[in-house]
Every structure is written in structure tokens, then in C-alpha cells.
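Same chain, two partners: subunit A is paired with subunit B first, then with subunit C.
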Partner chain A sequence: MKLTQMFKSTALAGSLGAAALMSAVAPAAQAAQEYLLTVTRPGHLQVIDMATNKVERTCDVPGNFGSGSIALAPNGKTAYVLSNGMEDVYGFDIRSCDITFHAAQSTPTLKVKSFQSVAVSPDGTELYTIQNPFGLKRDRFTVEQPRLAVFNVADGVGAKPVRTFPVDRRITKIATTAQGEVILGGADVKAINPDTGEVRMVTPLQNWEKGPLWLPPDAFAMHNQGEQSNEYIMPYVTAKFDSEEWNFETAEWWWGMSRVDLETGEAERMEIVPFQFIVFNFISDPRDPNILYGAFNTLSKHDISKQETIAVKEMPHTYYDLNISADGKTIYVGGTSSDISVHDSETLEKIGSIQLSGDMSTSDLRVATIRD
Partner chain B sequence: MALNNNRTKGALLGASILALAGLGSLPALAADAQEIIRDRCLACHTESGDADNPSFSRISDLRKTPEGWQMTLNRMQHLRDLEISTEEKRTVIKYLSDHQGLAPEESAPFRYLLEQDTNRVEVGIDENVMQMCARCHSAARIGLQRRTEDEWQTLVDFHMAQFPGIELHAGSRDRPWYHLAHDETAVKLAEMYPLVTPEWNDWKKADKASLMGRWRVLGYIPAKGEFSAWMTAAKTGEDRYSLELEGNYADGAVIEGKGNATVFTGYEWRGTITIDSVKMRQVMAADKNGQMMDGRMFLAAEDEIGGELRAVKDTGDAQVVAVMPTYLKAGESAELVIVGQNLDGDIDLGDGVSVDKIIARSKDRIVVAATAAGDTGVNTVKVGSADSDVALNVYEQVARVDVTPVNAISRIGGNGGEMEKIRATYRAIGYSAGADGEPGTEDDVRLGYMPASWSIEPADEIAEHDKDHLYAGEITPAGMFIPGDAGPNPERKMSANNVGRLNVVATVDDGGNAVEGRGSMLVSVPDFVERVLD
Partner chain C sequence: MKHLKSLNKKAQLINKAISPEEVEDVVAMQTVVGCTATTDPGWELDPFGGLGSLCQPMESDLYGCADACWWPAQVPDTMNTYPDWNKDVAKADEDWRKLDGIYEDGE
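The block that comes next holds the complex of A and B.
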């Protein structure tokens, strides 16, 4: 197993010597080493050294490609990947590709899907997923109540939920706060206590009360990110109509977000910039929460204190997601295809590219920080 | 020798079962089909009721078209591990279509889907059904099913389990989609499309006309044109026919074909016929008396490419069935083809239209040279004492041209990719302005299909900026739109593929006056899901 992985990473790095050297030396040699993680088709967790922008390790992910959702252990050493058609979670030691955790959520009588929703408790001992179960009866399916499933990380391979609590339907991205709550992104942003199952409203979105001329927001988040600012962003699109004629042409269209501070569990909801083009994901600059970057067909930079778009860089193809270095200087734009585009956050100019062995498709682009 | 013996035995056995059927037992086919369902389906489905009138869980709670049942069986094979032979599958589809089909009135609003005539924007669809269901597939697919309320709700649950992301799509994540679908939409569908209806109860009891015999057939094959022919349907089994087709295109060229057909549900004609070495399919609905069939014929390999098909049964009576073309410009002469059966006697094309010469004449096809000297109007084409409601439109000016289809979609393909290009075929329809002299008003007179020259243009400024008209495809002189090659195109912005939004322009030359009509063409990406019904 290990041999195969090393062989693969070797092939990617292009030189046996270089790859072997990096594998042996890199993790232990540096303090606060940042690794960019993503999943590529047909099933590889790519571990990229952000100091060199080279693929350092490629771990085989068992099962059919899922959605490439990745959750990080707080110490940055373990990455949990949603695989096998969004049914199984595998935990990888990113320093070795060893599989340290596996939870198969489905059973012969229950098909269980998780839509991106994987997160780890702040102490790293528990893993959370949102399970959407479907009963497999002899001649029909049944639709069962979605639930938060709590796993003990220590249960390792073969882990089963130790607790479950009912939650709303349509939950995608989740995250944990320093208080130990799990943020649930669905029709509204809510938080659940994973010990008691108690749910509180964080930001009403579909149930907001913003006045009759505001279009209920279309809120959706497909990608886990925000670790560099310890935040959770649920972006949305809304419109303010000028009358009850509901003229879509004359309405003011806005990007907005609910941004949860994962240190405090408190959220702010606001319209951030006028809707001028599609942005699939926003991230904040770790140095300045008023500066946001967005990716899709463009890489864009926004000052939300002024509700302004500061800079727009046309991209050669669509990129679904993005992430940023801890110092805020370098932006990594990825997803969709097989290359990660590296940009200077000041100018948005392209300063590098990382070619991967397969398409990232809908996969997350996450930064694991190992502080030794 | 052994084969012959077996055949004889089979025939005798069949005859005895049929004889028994007359004594109150089940017809052979139904009994066979029920046995196949027992053998193949009861690993998952359960049987209840008595042996002669069984009920199979889920299966017995719905009604569908032949294509609907075919889709169900395809899904069972591909996703649920059903093992069934082709012959068994055919038997089951026939049985279920006959016993749990749709009445003619029930399928009537949605025949375009059965006819694979899908280059259209559906109209008159319930807004809720449109938002909840018809944003992914046609509304006709729903309208061609009948279910109990429980079955409509189980269908929602199937959608959830089979396509778990369904409640996260744009258009569903902004609402509690599952609860709305299960508790409201499914309940409403059970009211709109219930399992038990008076129409179906009546149709089940009605005598079904035999469709065996000789049919006067009119049709249109893209790039070849209109044709008239005789089609003979010879019975080869219960509701099964062998077909022979022979006739002429409008220009006199011979059209010939052979094939076979099955009739489902007493009126659903499904034929396969090979014409000029090309396999084509016929989908028609017979009227309740079995005297007339209407539908569409299209390439088996490319169901977008096809045209109208109409068949009128030869009853021995004299009848005018069509005139080609259906118009004549006032003050001009033209050659007209009158199509019918048992035609004898004088030809009368109405006031002011003279028959200058009979170029060819038989009992079913007359070619004349005619001149329209006088007034414009809608004349009835008469031959002797033959029945006729066939109109010849005498017009002064083509005031408007419509392109059909008005809205079409094609798909890039080829270029080494897995999917072939999906083309589209166009025709132009001419109108005169009618009494008010204003084209585009209700009283416009439809003159008929007209020859046109074809071109494309970008649909709007954005399409022009993206040069869609240079990349997305081209149209042939015969009105066949051929989309561009699949795959990224480095010449385009973001290496976009050759998708685009175009107008297809038909220009009809009306005595030196060019009249234009436009249709909208969306050149889209390949569709990797092959469906029996969209």
C-alpha cells in the first residue's frame, strides 16, 4: 500500500530522488508547514506543499469518487475525505497516507448520503456528518429523517455513530465552533449542540424578515473552507425589488453572506457586493475581514466595507473554489479541472500553477497546517 | 424436421389456449405476461388478489404508455438487477400497456413526447408542476402516467433516493422541496392524473378496431420531402403486422419500405420500417374507429430527424386525402399532386382555378398543371364525387413566414467524443395576411410548407460578441442544422466549446419578394443520458 503511494507521488513529482527526499524530510523539518489538500478523480487525495507548490504525496482514496469533501483535524495531520458516492468517510494521515479512520454510513437496508457535511470537533476527538438516509425496502424507497451523526475518531476503521440527533433537510456544509457546536448550513444557518441535539438559529436566511421587497435569498455552499480566518461563510444571492411589480430587470441584485466567527459562534449577515458575475465561493483575507476573494469564471477581490469589487481577473476556465495562505499573500484557485492556479492576492496576477493527475471536479481545496 | 414438429406443436397449443380463452379463462398473452411477472418480478414485488386477477405491488397501482413501461423495465434491468429476455420484456410491455395503459383522451395532450417531437417549449403546464418537476424533465412525462396518490408519493421518494441531490438544485433548495413534493405536488398529481378515470374505464370496455388493411399514407422525410404512399398492414399475430410501403415523393421519385408494427392499448401504433436502407420509426395514434392514424415518423438512430405522418384507411370509398403543395399563387401556374383513393371523375380546384393539363392520373394520384386566374381564397379540392375536406389556398402574397420548430435545441458532438452530434431539421410555413391585411393576426391564412433558403445569425448582442454564428454550427440548403464539434475550442473565450445561441432564418421567395421567418436555436452540450422519453 505504502509502496504504491510512494510510487504514485514519485511519478507525479517526476523524479524518484526529489520525491523520496520530500517525503522523508518535509513534515518534520518545518514549523507551521501549510499543505494544500484536494481530491482528484478517480480517487486521490493530493497533498501539496505550499512552500514549494509541489505535490508532495498522493493518497489513494478507496471507493467511487464522492464529492471531494475534506474535513481537517485541528492539528492538520489528519484529513477526512467523503468518498464512495458521498457515503463513506476515510481519515488519512497526510504525512503517510495511512488510513486511520473509516466510517461506512450505508447498510444493506439504508442508503446514507452526506452532502459535503463533514467536520471535526475542536479537540479532534469527534467527527460529525449530516446523514441523509433512504430506506431500501423490497419494492420501494423511503425517505428518512436527516440526522447529525457523531463518530469517535478513536474508533478508527469501522467506526459507527455513537450519537445521532435529528436535523433539517438540505444541509450541506458544516463546521465546528470553539464552543463545540456544529454549524449547519441549510435553508437557514443553525447550530447544533452535538452532546444534546439542541439546535439554535444562527442566521435566518429563507426565514429572514427583511421586508416584502427583498427576494428570499438563494443560499448555497458546496465547499468547505474558511480555516485561514476561522470562519464559516454561507453565501447567498438576493434582490431588492423597486415595487410589488416584481420586475427582475429593475431589481437591485446583491451577493450576501452569513459569516460565522468559529471562535465565538456569532454570525453577521450582510449584503456584500452588487451581483455582477457569478462567484461560486468567497473567502476572507486572514489579515482583513473586509477583504473577500471570490472564484468562478473570474478571480475577484472585494472590499465589503465599501460594498465594492476592487479587482477582477479573468480566468482561462472555470474554477469552483479557492483558498489562501495564512499570511494572506497567496491565493490558490482550484476545483473543476486539473490545475490549481496560484495568484498574488495584492494584484490577482497569476504567479504559478500546480498540475494534478486528475480533475478536481467538486472537490474542496483546503489548507492543513501542521505546527511541530 | 424437428423444428417443424415443434412449430406445429406450438401452434396447436396456442390454438387450444385461445379456444379456452373463449370459455372465460385469460387470453394466452395475458396469462403468459402474468407468469413472466411472477417469475421475474416477485423477488421484490408482492402478489395479492386471486390468480386470474392478480395485483402486483406498485406495478398494479399505475398506468403508463408503452414507452413508459419500457422505461420502467429498462430501469429495473439497469438499476435493480432484473433479468429478463427480450421476448419476455416485449410480452410484459404489451400486456401492461394493454391492461394498464392510457385512454386516447388521456394521451392526446402529450403525444409530442411519444412522437419524440421534443423541439418545443411546453405550454399550458401547471406552474407548480413546472417548478417542482418539469425543470428537469418534460411535463408530458408526468402527464402520460396515472397513479394512485400513494404511488405518486412513492415516486417522489424514488426521486429522492435515486437522485439525492435533487433537493439541493437551484429551484428546489429555496423551498422545502421534499415536503412540498410529497405532501402537495404528489397529492395534486393524484387529482390531475388519478389511476381510475372514466376515460380509461370506457376505453377498456370499448371494441378496438383492427388496423389491418391498406392505408393511404402521407408523410415528410427531412432532406427528401413530402411523400404519398400506400402502406399495407398484414396481420402476423395479435396486434402485430408486417408492413409494406410503396409510393412517391412529391417530385415523383419512388419511396419503398418494409417493416412491422405493433398496436398497443388498442390504438397506439408503433412501426419500424426501413426506407431507402434507413431504419425509421412510426408513432401514431389511431382514431376510435380505426379509420385514421396521425403521428410522426423519424430516424430510428436520430429521433429529432423526422416529420408528420398521417394514414387514412382504404375503405373502398372515394376520398381526396391531400394536395401537394397546398397553395397556388393568384395569377400563376403550378404543378399540383392530388393524393387520394378510388378517384374518378372531374377535377375541380375551385372558382378561378383552371386545370390546364392532366400530367398523370391514377385512382390514387393525379398530377395536374393548374392556373389561378381569379380571386384568392381557400378552395376545396374535388375529384368526382369523392369525399374531400382538402384545401387549396389561392393567395396573392406571402405575408408571413413561420419557422418550425420555433424553438429547437441541438447538441455539439463528434470530434472524437463519445456522443454524436444532435441535429435539428427545419421547415418554413407561409401565411397570407387574411382579411385584415395585417400579418401576425388571428385571421392569417396558413398556406402550407414552402421551400425556403436557410441561414443562421447570432441570437443577440452577446451571442454576436461570442461569435456563436461562427462556431456553433451551420445549416444546409435543405434546412438541416448541424451543430459544431464537441470539445474545448482554444479559439473561443475560456476555450469554451462550440455551444451558442442562434436564430435560424428562413427566406421564402414569393415571386421576387423575400419574406423572412425566424426560429430560435440553442446549441447545447452533449446529453449523456439516453432516455426513452425526455
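The block that comes next holds the complex of A and C.
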């Protein structure tokens, strides 16, 4: 593969509606106070005031570190953190660090792991995880059926699932729509009704039908940071071959994404820009859904309406994820090590750094907005 | 090290770029981590067949591999088996010297 090769456009399809743009901009106009949240080693929820870019509060997270996945209550006041080796969920009042919720998913005979998958219902009353259980028998492990677990937030510390429904394997990041469905990011993007367990296909990935010239997509579903645009993005890499011989050297390599509008539950899937470097996570500009930013060894800016990469900024080390202020002006790049790099979204120039007490590793980088 | 011949580009760069003392550090670190089954220089190959798109430096990716059990054969599995392996090292890039190997007898 030639890194410098620029590929001509092929298959960008679909346009982004005005409704999506309006829903993305509306929260910014109402924003009162934004807090950047992440989890650092050995076990700290960091609450960062985005007006000053200072750590305002550090909450102790019980249990062994990991994974640091964070889900937010709709009012922004409670953050649910996946801890204890992806087994427990703790709910924190980010204004006081009080623990208001705890669900220990494992038992002495059944280990339960949730791979990033934590989400909160749109009314804030229920918490969802995808549980991957395996039995601890005297002489063997037993692999059990993955399931959606529904918790009542009001059950607080010691909460147990009130409902469970079987789901596919390989589900990682999840999110909730305004209709109350839970988006499931796995081999395909599906949605489950948490009241009935009914599952629908939102947009296929491994089962897409793009024909024999397209490589099945390789999707990366580790972090979910679409709160500023009320969306869920599943990025993927694919290739379009010039024949069924599948010559990888002459193929057109593309970044693509499945993008779910969490207001409507509808999705679009499209190739967005040529694949020229690795990006771990994309976010949208809340002011313009055609503008995407990506992070890894570079911070990059893309205009998907033109299938172009607009700007690339080399970073001093790898960062896994990123987020953005509601006004779209400031980008925060985090994950991996112990510093969050702050950038101007217009130029991508670095304008600040937030030093933390430990490594973020796989933790999310989420924005909690409190409006009162 | 001077008697060894570099077999790949990264190893050649190491020989050119850093002092013998720093090379010793690199060798020592490979007793702890590494995403290959041997202690050959290098972490793995990126999708382009090179090294430029790997996580850099390795310490930035170290806990992302260990915590998520991403490379369980080469990095101590902190999710299940060795949760205390790095409990005293909050910042891998600063304190990686404190990270020790895992030995079957538990020492």
C-alpha cells in the first residue's frame, strides 16, 4: 500500500439532513457548564472544568482499574464508570464524588465482563450493560450467553439486573436513542428494545451487501464520545478492489463510518475519506456534521462532504480518543498516557495541556453538561 | 550489542540513534513486554507493513494492551490474572523501570 497515494472518490453516499444539524447545535446554546471526564490509574475519576481546563475534583473509583468506560446521566450530574476489570459499574455524583450506584455483576461462580458497554436510558432511570458471562466450574470454564442487563438506577448501591435479554457476541460500545432503544455495536450495528428484548438491524457491517469488489469492513468500536452531536459513530476501514482478484496493492482504501442519529435511531453508512493513516476514534464538529476530527498518532480534521483530509497535526505520542466543547472550538485529545492535549479546532494547534495523576489507558473521554 | 547485526529497520535505527546504555534499557524492557512471541526488536507491524502507525512510544500503549487483555500472551494480563502487576506505577512512561517480569514461581 502506498501511503502517499490519493484515491479518487467512489462511493460516498447520502447527505446529512438539516434536522441532524439542528439537534447537534441546540445543546450548545443551552450549555451552562461543561466537565470533561476521564478515569486514570490507579483508580480516579477526573472531573475537569472545561472553562478553565483545570482538574476540579478527583473521585476515588473502587476496584481494580479498567476499563474506564463512562456513561452519563442525561442531566450530566451522574457518571457511571466501568471498573474492577470491566466487572462493576459505579455511579458518581460528579459534584461531590458521592457514590450513588453500584452494580457488581460477577458472583463467586459466574464471572461477568462488560467490554466498554455501559449506557443510560434517556430519562435517566435505567442503566444498561452488555454482560459477557462465563461460569467458574470446579474443573472447567463454561461460556454463557451474552445478554443485555437492565438495572434500575433507583436501586442504588447493590443494584441487581431487573431484566435481561440475549444478545449477539462481540458487542462493545453501546448508546441509547431518544426512543429508548439501545444501540449495540458489534459485527453489525443493531438496536434492542430494553423492555421486550426485540432486536432490529440498524445498519449492517459484516453482513453488508456491497458486492464482491469490497473488502468486509474492519470496524473499531472501543470508545463512544458522540454526546456533543447526539450521535454514535462506528468507524471502519474497507477497500474497493479493481477486480475479484483482490489485489491489495491496487485497491482503493477507505475510512468509513456507520453513524446513528440518537434522536431518531436512524443510521447512515458511508465511506468518508481515503485511508492514509490510523485513526482510533472520530468525533463530529457540533456546528457542522460534515467536519470530523480523528485521533491516534495524529490529530486530524476531515471534510467528509468533499472526502478530504483538511489538516493533520503530528502528536508527541499516541492518544486513543478525543472529544470537543459544545461550541466546537476546542478539542481535547486523551487516553493512553497521563496528559490531555488541548487544541484549537480551527488550526489544530495545541493551546494547552491538562496533566493528570495517572495514565488514562483505555478510559473514555466524555463531556458532562450541567444546565442548572 | 556491537557483535549483533541488525536485521530490520527499527533495530538499525536503535543502533544509530542511541547510546549503548540506552540500548541496555531497551533490552531490559523487552523481558517485560512485547507484542511478539520473541524478544526481537519491534512491537508488531502496522497495516502499512511499517512501524510509523504503531502506538508511540510503546509505553503509551502498554496499559491499553494489559488492561483490555489485548496482548495477553506477551503483556501481563491485568484484567484477570495479574491485577497487581502495575499497581505502583500510575504512569508507565515515567516509571516503567519499576515494572517487573512475571515468573511462574510468583517471585
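Simple rule for what comes next: the second predicted complex is superposed on the first by the 341 of 372 C-alpha atoms of A that agree within 3 Å, B and C clash if a C-alpha of one lies under 4 Å from a C-alpha of the other, contacts with A are read in each partner's own complex, and residues count from 1 in each chain.
FYI, a residue touches a chain if its C-beta (ideal position, glycine included) is under 8 Å from a C-beta of that chain, and two chains touch if they have at least 3 such contacts.
Keep in mind the model is a prediction, meaning the values are calculated, not measured.
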item	value
Combined model on subunit A where subunit B meets subunit C, clash or fit	clash
Partner chain(s) touched by A:Q206 [first = subunit B, second = subunit C, both, neither]	first
Subunit B versus subunit C as contact partner of A:N132, first or second or both or neither	first
Touching partner for A:T142 - first (subunit B), second (subunit C), both, neither	first
First, second, both or neither for A:N152, with subunit B first and subunit C second	neither
Subunit B versus subunit C as contact partner of A:D359, first or second or both or neither	second
First (subunit B), second (subunit C), both or neither touched by A:R41	second
Partner chain in contact with A:A187 - subunit B first, subunit C second, else both or neither	first
Partner chain in contact with A:R169 - subunit B first, subunit C second, else both or neither	first
Partner chain(s) touched by A:N64 [first = subunit B, second = subunit C, both, neither]	second
Clashing subunit B stretch [against subunit C; choices 309-317, 435-443 or 471-479]	471-479
Residues of subunit A contacting subunit B in one complex and subunit C in the other	86, 113, 115, 297, 317-318
In the complex, subunit B residues that touch subunit A	44-46, 57-58, 154, 157-158, 160-162, 164-165, 167-168, 170, 173-179, 182, 494-495
Residue ranges of subunit C in contact with subunit A within the complex	46-49, 52-53, 55-57, 59-61, 63-64, 67-68, 78-80, 83, 86-87, 89-93
Residues of subunit A that touch subunit B when the two form their complex	86, 111, 113, 115, 132, 134, 136, 138-143, 169-170, 172, 187, 206, 216, 218-220, 297, 315-318
In the complex with subunit C, residue positions of subunit A that touch it	1, 3, 40-42, 64-67, 85-86, 113, 115, 237, 277-278, 296-297, 317-320, 335-338, 357-359, 361-362
